[in-house]
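Have a look at this one.
Letters are used for the chains, namely A, B and C, taken in the order the chains are written, and counting of residues starts over at 1 for each.
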Amino acid sequence: MISSSPAVEFKGISKAFGDCVANSDITFSVQPGTIHGIVGENGAGKSTAMKMLFGLYRPSGGEIFVHGKPADFDSSIDAMNAKIGMVHQHFMLAEPLTALDNILLQQKGSAFSLLPRKEQKDKLDEIAKRYGFEIDLMAKVEDLSVGAQQRVEILKILSQHSEILILDEPTAVLTPQEVRDLFQNLQRLKAEGKTILIITHKLKEVMALTDNVSVFRAGRVVANRKTSETSVADLAELMVGRRLQNPQERRTAIGTTTVLKVEELTAQIGAHRVENIGLEIKSGEIVGIAGVEGNGQDILIRALLDESAFHKKDFSGKITINGELGSFPEDRLRFGVLPSRPAYENYLLGQHRHPKFAKGLFLKMKEVLKATKDAMELYDVRPRKESLEFDRFSGGNQQKLVVARALLQNPQVVVAAQPTRGVDIGAIEFIHDQIRKSRDAGAGVLLISSELDELMALSDRILVLYKGHFVAEFPRTSFDEISIGAAMGGGH
Amino acid sequence: METALMLFALALATLRLATPLIFASMGGMMSERSGIVNVALESFMLVGAFVGAVAGYYSASAWIGWIAALAAGLIIGALYALFVIELRADQIVTGMAFNLLVMGIIPFITKILFNSTGSTPSLQVEDRFNFEPLLMAFILVALLTFWLKKSRSGLWLLFAGEHPEALVASGVSVRKVRWAAVTLSGAFAAWGGASLSLFLASAYSPMMTGGRGFMALAALIFGKWKPLPAFLACLLFAFADAVQIRLQGAQIAGIEIPVQFVQILPYIVTIIALAGFIGASRPPKALGKEL
Amino acid sequence: MKRILGFAIGLVVALSLTLFAGENPFNIFMILMRSAFGSMYDLGLTLSYATPMIFCGLSVAIGFHAGLFNIGAEGQLVMATATAAAIGVFFPNIPFPLAPIVALLGALAMGAFWGWIVGWLKAYRGSHEVIMTIMMNFIAAGLASWFALKVIPNPQSQNPETAMVSSNYMFKDYDLIARLFPDTPANASLGFAIVLAILLWVFLWKTTWGFELRAVGSNPEAAHRAGISEKKVQMFAMALAGACAGFVALSEVMGSAGQYRVGFSPDYGFIGIAVALLAANNPLGIIVAGFLMGALHKGASDLDLETTTITRDFSRIIQALIILGVAASGYWDWLQKKRKR
């Protein structure tokens, strides 16, 4: 499989969706038999570029070459025929079916032919063995762990004899043990001559795994480096450009009254749980919760915002909230809003029984419209149309509206979950400022985020959640990406 | 002896009454497993019953009626597919509209053909089916079970309803799979109707399905969208129906049981079953969702 | 606008079908118009059909706003109508102004109960409301006909109907609308239908409860996080929908017939789906849509007399094709959206 031309080469690729430019002048190349990191912040254009390689989008300009040949893919089927495979962030697996059937789906054959289960199982077991994968092919996907599901996806690609593998944020959903296993597997694949492109924004993983790395920022490739000749700090600077969030020194002092207190909380839904955790937030204090997703953050948020989600036997402990609670949920479209309804109804949601907006059974629609209008003005939500359906605003403007709804009520306690997820850079800074303002006004803020930068920019202290426990606490004076990251991985 | 005879008669009646339900619920399974909600089964059955009876009457052959019902079923199934897949009409609204449409169209046609308001003339008793549809229903269940478990296109059907994106990614058109499934759904359900007018009776009479399309759908859900359990649920509902016919005018402890109470028995059983008091059932993940 | 186009296409297709029967579609259309609006008598009948259709349209619309598909209006109205008749027969001595009120409240309570059962099953057992309401329709039909045939049958008639309620229950003497359309079943409940529609419009868009109901219909998870109990809302919405359908008892029992007759409803509950769909679930639009569907129904019912080949069942064809026309009109929205992307 050794050829003189690169396995993958992007030459001046650009991609626009309507007016929105997602990629411009992307140029980099990947040598066969190497692992190539595609790094960048959320929204930097990594996924768009990879989806073009996989035939899901068509470039607006430029050319992609695979093994020296122009890759003119109409669909992912073309890409697969060119021996490219992709593991999506959301797995393409049908849960009630077996792993084997999910893989067999990929294979061509006439509609009425019988599925060659036995023969294929032996073949797949052999491939799995060769790469050191542990997979129970006869198990239903819903009974497999996330890590095992990911292995099914990779095996699916390998069974297609793919030579180039694209992995989109493969570690986002994995436990640290599973991440180690995955990396071992990937190294083995590389040793067998496969070419791997891995999208991630976790720099330590890039350093540990890759041979080369391309850094994306705002839709462009700002650097192509050999991993051995770069460092986490170097990459971080390239990724962010100018540091957006200069750790601003706070001007007000932390208060003395406790506004939020969690004592001996043990709660669980499915496999996600927190165990015997406690925390206390004073007024004017921001406490950050760090951790790899799936280590109990969602349970903590639920416990604070929606205790009724738990079975009685799965919930114990005490939560005390002093004062009004304002919150924005981790997934705004799912938990926070009525996507198909106008902005003002979304602004009203949750406050619809507040005397400000309701008198007896009746809503004060004039007040609602006015309050929405004011909020949009204050938070610079564009376009300024109170009656526009929520899902027609851009992500950043949507989130501004959600944040405005929570913070403009001057709550004493704020639960801010992933406050800037899927939000453009300008809006991120704005939202951070609003959270600081709220803190300065005396609110106690619980900040749950998967972005370490965000936590370090805002928090007065950071608690690290790992496997449902708080395993470490860092005061602001000793914030340090490396040690917090280590704690998040269970290595404290 | 008498009890044995009665039980035998009851078993026989159950099997006969189950036949239309089995066909219709297999039709429902095709459609719903592919991700398309189907409350139009009732209309598919009516069409099958009517066209079967008409063709059977003119040809004096139940088999010709059976084939005509198949053709009519394929057509109305394809029509339903056109509305819900291509025109993106709401699946439940469209289904109910189909029921209404067929209820209007059949008397419209009988008026033209036979100058009657909804019934067709009878077949000669010796021309109608004796047992064949029952046998075919059993064979259909067996075939579908085998096909769904063992064949490649069976797997496509499951993915169309569970994870259509994965099916697309493997290069199979979800649209085509759903079209085929919904069209076949029309054919199977139409056979269910034809077994009413060519097997249980010997003519079409107005509204002769009497809600069996909905019962078949309930049996399908009760049977967790799987052919064999759905088949068993059909037998259960048919048994309730047979008992109901048997109990009409019967007395228990000197009190006559009102016919209507016995008639609603299967529906109450269905509600209790579907309320999850007897095991929960989980629909295909993409059921009712547009692409 | 697209709905009107869908409506027109449905109507035109339905009329074109009459070509197969050897009729002239334009003639049929004229017959429809004439027999719907031709005289005060015709108009009275049109209005008497429109009234229950408005009630059922409102019932379906309330369900839709809460994200529930109420196919059960038919069963709810049957139960309510039978209940009103039963009250009238069992308590003949309640004096006039009180009697119809008691009967109406009884009917509304029964309709609400019949809807609530499905709401409860949905909220606490996770059962799908569509299949459940269909089953409840069959059960209602069985129970009500048992009632009419066995419990309080009409001694003066062989027809499947209940005995007449006492005259204290009828408000004919005070009924201005009935006086305007003599010899027709049109009655003051049309006024109630219009008032109910306006009240529901206010309820949905101007009250906290209405907002909560719509919020649950729009995104149950977000509504839940905003402190709204989606279970309660689902039960409430189904009960309210049932009560709306229950109002049919007012027009049928107290307003005109004075009894429950098996099969009196030409599937008002299902026509309600068409009405709600045509009006985009807007209660005020439902008044107009109900009137339209009522006119088509009345118009079609005279086809038996006016033509030799077309029966009153033709109204079902018209209704169905209009529903399909409107339902498929969403396609254009979808096309537009797709183009924008």
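Simple rule for what comes next: a contact is a pair of C-beta atoms (placed from the backbone, for glycine too) under 8 Å apart; a residue touches a chain by one contact, two chains touch by 3 or more.
Predicted model, so just to flag it, every value in this text is computed and none were measured.
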Item to check | Touch-based graph of the chains, sorted into line, ring, star, complete or other | outcome: complete
Checklist entry - With respect to inter-chain C-beta contacts, which pair, B-C or A-B, contains the greater number? => result B-C
Checklist outcome for this item: Whole-angstrom distance, CA centroid of subunit A to CA centroid of subunit B, is 46
Checklist entry - Which whole number of Å gives the spacing of the CA centres of subunit B and subunit C? => result 28
Checklist outcome for this item: subunit A partner, complex, touching residues on subunit B are 150-153, 155-156, 158-159, 162-163, 165-167, 169-171, 282, 285
Next on the checklist: Under the definition above, what is the set of subunit A residues touching subunit C in their complex?
Outcome noted: 18, 305-306, 329, 334-341, 345, 348-350, 352-353, 358, 361-363, 365
Checklist entry - Can you list the subunit C residues touching subunit A in their complex? => result 206-209, 211-212, 214-215, 218-219, 221-227, 341
Checklist entry - Given the complex with subunit C, which residues does subunit B contribute to the contact? => result 39, 83, 87-90, 92-94, 96-101, 103-105, 107-108, 111-112, 117-118, 211, 214, 217-218, 221, 258-261, 263-264, 267-268, 270-271, 274-277, 280, 283
Checklist outcome for this item: Contacts from subunit C onto subunit B in the complex sit at residues 17, 20-21, 69, 71, 121, 125-128, 130-132, 134-136, 138-139, 142-143, 145-146, 149-150, 267, 270, 273-274, 277, 309-311, 313-321, 323-324, 327-328, 330-331, 334
